[in-house]
Structure formats: structure tokens, C-alpha cells
Amino acid sequence: MTQAIQQQTIALVGQIFDQQMPFHQFLGLRVKRYDLSGVEVELAMKPELVGNFHHNILHGGVTATILDVVGGLTAFAGLVSSRDNWQAEQLEQRLKALSTIDLRVDYLRPGKGVCFTGTGEVIRSGNRISVCKMELHNEKNHQIALGTATYVVG
Amino acid sequence: MTQAIQQQTIALVGQIFDQQMPFHQFLGLRVKRYDLSGVEVELAMKPELVGNFHHNILHGGVTATILDVVGGLTAFAGLVSSRDNWQAEQLEQRLKALSTIDLRVDYLRPGKGVCFTGTGEVIRSGNRISVCKMELHNEKNHQIALGTATYVVG
Amino acid sequence: MTQAIQQQTIALVGQIFDQQMPFHQFLGLRVKRYDLSGVEVELAMKPELVGNFHHNILHGGVTATILDVVGGLTAFAGLVSSRDNWQAEQLEQRLKALSTIDLRVDYLRPGKGVCFTGTGEVIRSGNRISVCKMELHNEKNHQIALGTATYVVG
Amino acid sequence: MTQAIQQQTIALVGQIFDQQMPFHQFLGLRVKRYDLSGVEVELAMKPELVGNFHHNILHGGVTATILDVVGGLTAFAGLVSSRDNWQAEQLEQRLKALSTIDLRVDYLRPGKGVCFTGTGEVIRSGNRISVCKMELHNEKNHQIALGTATYVVG
């Protein structure tokens, strides 16, 4: 029953991030997978996302955006899975409070590729604060960037 | 004469960042001022840049993008002004090498506003590496975010 | 009356950080000033604090330590001054909860000098989370490092 | 022959960091293992390293110190292993230039334990700049902290 609440919430949040966040739509960012165990966010390269037109690589701001979205979803999934007696209204409140406090991006390789995938992991979980580690890879599985971010989750 | 090279280069780079970077065009990001003493990057709010549609605030990824652009321009201006005997080709090489190593964003207030302005300052300058501090304010001069970033400048 | 509680708490915490924290004693770190408006932490150079013996400069870990201490005291002072109806027990609880979530240090110049002073500023304040910016200067007022850190304050 | 230069240099640097850095001696920090494939830095708890005397945990500044030392050694090993035609004098020059540009520490768990071990990994390598990821664990293999840092290596 409560497990149902957890899963329904995650499914709903995945849908919102995939289809109702204006900036995600604008970029073409998609939530490919989102469940209690993790998230996969995908972005197909397109000309508008290029920073340096000489090198045809992803703008660093897009990299930061994907990592921030991945981190937020990861932090929220961690919070949802931390208790099995959530009520739907509580999780709704938590989602409204979800926000990034700080984000570090390490740019490891130029953002070359046709499709980029972001994944994440909770490295410190708490009732109010969550810290996540995120990675961005291209379709050849080359790591483009590492992210580390702290989120308010309640 | 060489001062002319410095100023021409900065003017040209400002123009490129203002008019020829695809992702900057896509967002509507403008370089309002760029000279040897600093930079001012501006972005007008528009519906596509919203992250959280409930609160109508700027997506954190857009904040990170502006800060990264401001930092890159700030680092480059610092490099250009560090010597007065540059040749145009040298600066062209340096511009090609310009890239972000790491970026930290501290989100200080929700990104509410109709127009956002990013400014920056070099805090460590070198021939290869530059560290900058950046700020993002809205039109009411409320600070939205602080950035700290390390750039390769050669 | 409550203002008295604020000031007594700050005075007591300053004393604890100055005289009862084992690692502070070990380093010789002193809290020179601590009140609701800010903090000044001082450390005199001594041979044991040297990292690179060729250059006789402060170890980067000592720099990080001073910045972290300054940030914690700054965050706590910000919390205390955010309300004027604290009870002493509440502030005691808050002090016990005080901890660093993340810290970024930018090393701006080699740590040369005979006396180092750390100062700080709250840049995001909240009831649970506080973000601070810290600086370390030597006795010639050259800035050695910049710190940015996020603290749990409750 | 050059492989011999690589290994001798690493052995020498490990010895210097283990026995000749004043602040390392002061803390009791030991380089347990250092070769081209990685590093292991160890620190035994002692009363002087305690931050919060209520909880008897490692001061956050000590955590930052270990991570910074680990990162520097990791970055240097990465540089040494990046080429097999180094001359001893070149590596000596590189070692002198080795310095931290920026360091982020994420404090994941309170620093409880009797012995702490730091390990690291190069995540971006270059001829001038290296970015490393570091971890600190206690003797129960609980991760205390994550570090991310950028180093000048030449």
C-alpha cells in the first residue's frame, strides 16, 4: 500500500520532469528511467546546444543543467525510499521544497557526442539535506563530467 | 598599438559570445558590456527558461550557464590585460584553449525576476589557469547566485 | 533580556572554539573576535604548520581548517542573530547540530606570512541550512584563500 | 631505464611526504603505499585531532588535509605515469610546481574511528592540470568524506 504511494509518486515526478518543466522541454531533456533505485536522464545533441561552434561541443551550461536535474531526481528518490510510511501529501510537500543549495561540476572531457546520459547516486542522505554525485556520459560511454551537489529535501 | 590589439580582441570576443554561440542565441543571452575591466552578461526571463512552473523561477541550469559564460569572459579579459605585448594570433590561440575546468554554483535565492545580470572578477590569475568569482543578480539587484570557477586560459 | 541570551551564547561559543577544541589548541588557532556581526580567527605561523619545506608556506590543510572554523562560527552567529526570542537551551541544541556539509577552498596565493586571519560572511541564511563565504589573509592583507561552505545549523 | 626513473621518483616523493613535510609529521600522517597505480595515506586518531569534544570526532580540517595530500600525490603519480621518457630533473621541476588550485570536500559521515585511510583517483589528466577524486574511510570501511580537487602539475 505505502509502497504503492512511493512508486506512484516517483512515477508522477518522473513524468513532471519529463514533460512539464519548461526548460527541460526547451532543451529536449528526457527522463528515460526513474524509480526508487535511480534515474537516467537523456539529452540528444542538437545545434542549439552547442557552445563552441569551432569544436561543435555541448555548452558547459547544458552539462551543468543535466547534472543538476539528475541530482535533484536522485535526491528525491533517496528521500522517498528512506521511509515506507509516507503519505502522498507529505511527499508532495517535500517535492515543493526540493531545491539545489550548491552544485560543483568538474568538466572532464569536451562534450562531444550525439546523445548524453546523466546518472546519479546519493552519497549523504538525511531528512532535510541530501548530497548526490552525478555523472554525464556520451553514447560511447566516455565520461564528460562529474557533478557533486547538495539539495534541500524538506 | 598593442593596446589596440587588446581592445580589438576583447571587442571581437564579446561580439562572438553575444552573436555567434548557438546556445547563447537559443537562451537569448546577451553580452551587454565587455572590456578589459569587466563584463556584464544579461538574460531576459522568458517562459522557456522556467524550471519550477509552480514558482515561475529561472531553472538552476540557466543560472549555471550565465555564471559559466561570465566566468569565461572574465578569465579571458584578465589574460588579455595581463600583458600589453600580445600579438593577435597569440590571443586567438588562447581563446581556442579557453575552457572550464570546474564550476561551483551557490544558489542563494530563488531565481525570480524579469532580467538577470551576471558579473565577474578574477581572483587568481596566471598564464595557464585563472580562477574567477561570479555573481548573478535580478533587476531589483537581489543576488540570485554566487559562482566560483577555474578556467584553462592557455 | 533575550539579547542578553544571544550575546552570552556567542561569547560562550567563542570561548569554547578558542580554548576547548583540541585541534584548535594543537594548531594554536585563536578566536580574536566573535560577536553577532562577525568573527575573526587568527593563527600564527609556526614550523609545524609548514607544508612545503622548500617554500616555507602554510599547508593547504591548515588553510582549509581555518576557513572551516570561520565558516562554522559565521553560520552560527547568523543563526543566533536571525531571531531575538531564542532560549538558551534552543541555542545549545543548535550548536550541537552545527556541522559542515561541504566546503570549497580556492587557493589564491601561496600561504606566506607570519600571521593569518580568517573572516566570513553569511551569504544564504535559513533555519536549517546556512551558506557562508570566508577569506584568509596574511598580515600584509594579501588574500591567501577563498572559502565557500554549506552548514547544517539545526 | 626510464621506468626506473619513474619508480625512483615516486618512491622518493612518497618518502618526502611521509617523513619530511612538517605538518604531516605534526599530525602523524603516513604514506602507507605510493606507486604509479595509486596511493594510500593513513592517519591514526589521537586526542589532538578531535574537533567536537562532545562527540570525539575528527576535526573537519584534518579530513580536508588528508584529502588534499592524497589528491596531490594522486595527481603527481598520474603525471609521472603519463609518459615513459621523463628525465629526473623534469620530474623534480614538476614536483616543485605541484600545487592545489581548488578543493571541494563533502562531509558524508561524522569522523568517528581509530584509523583513517585516504585514497584517490585521477579523473582528468593533463600536462598542466589534473583533477582528482579522493575518499576518506575509517577502519570499518565507512566512507567519511569525498574530495574533488584541481591541481597544477606543471
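For the reader, a short list of remarks on this structure follows.
Order of writing sets the labels: A, B, C and D. Residues in every chain begin at 1.
Basically, contacts are C-beta pairs under 8 Å (C-beta built on N, C-alpha and C of every residue); 3 or more make two chains touch, one makes a residue touch a chain.
Predicted model, so just to flag it, every value in this text is computed and none were measured.
Among the remaining chains, those touching subunit A as well as subunit C are B, D. The two sequence copies subunit C and subunit D touch through a face in which the numbers common to both exceed half of the numbers used overall.
Rotating subunit B by 180 degrees superposes its CA atoms on those of subunit C, with the angle stated to the nearest 5.
In this assembly, the C-alpha centroid of subunit A lies 31 Å from the C-alpha centroid of subunit D.
Put simply, the C-alpha centre of subunit A and that of subunit B have 25 angstrom between them.
Looking at subunit B, residues 101-102, 104, 106-107, 124, 131, 148, 150 sit in touch with two or more other chains. Subunit C makes touch with subunit B in their complex at residues 104, 106-109, 123-124, 131, 133, 143, 146, 148, 150.
Against subunit D, in their complex, subunit B makes its touches with residues 101-102, 104, 124, 128-129, 131, 148, 150, 152. Within the complex formed with subunit D, the subunit C residues making contact are 20-23, 25-26, 47-54, 59-62, 64-66, 68-69, 96, 99-107, 110.
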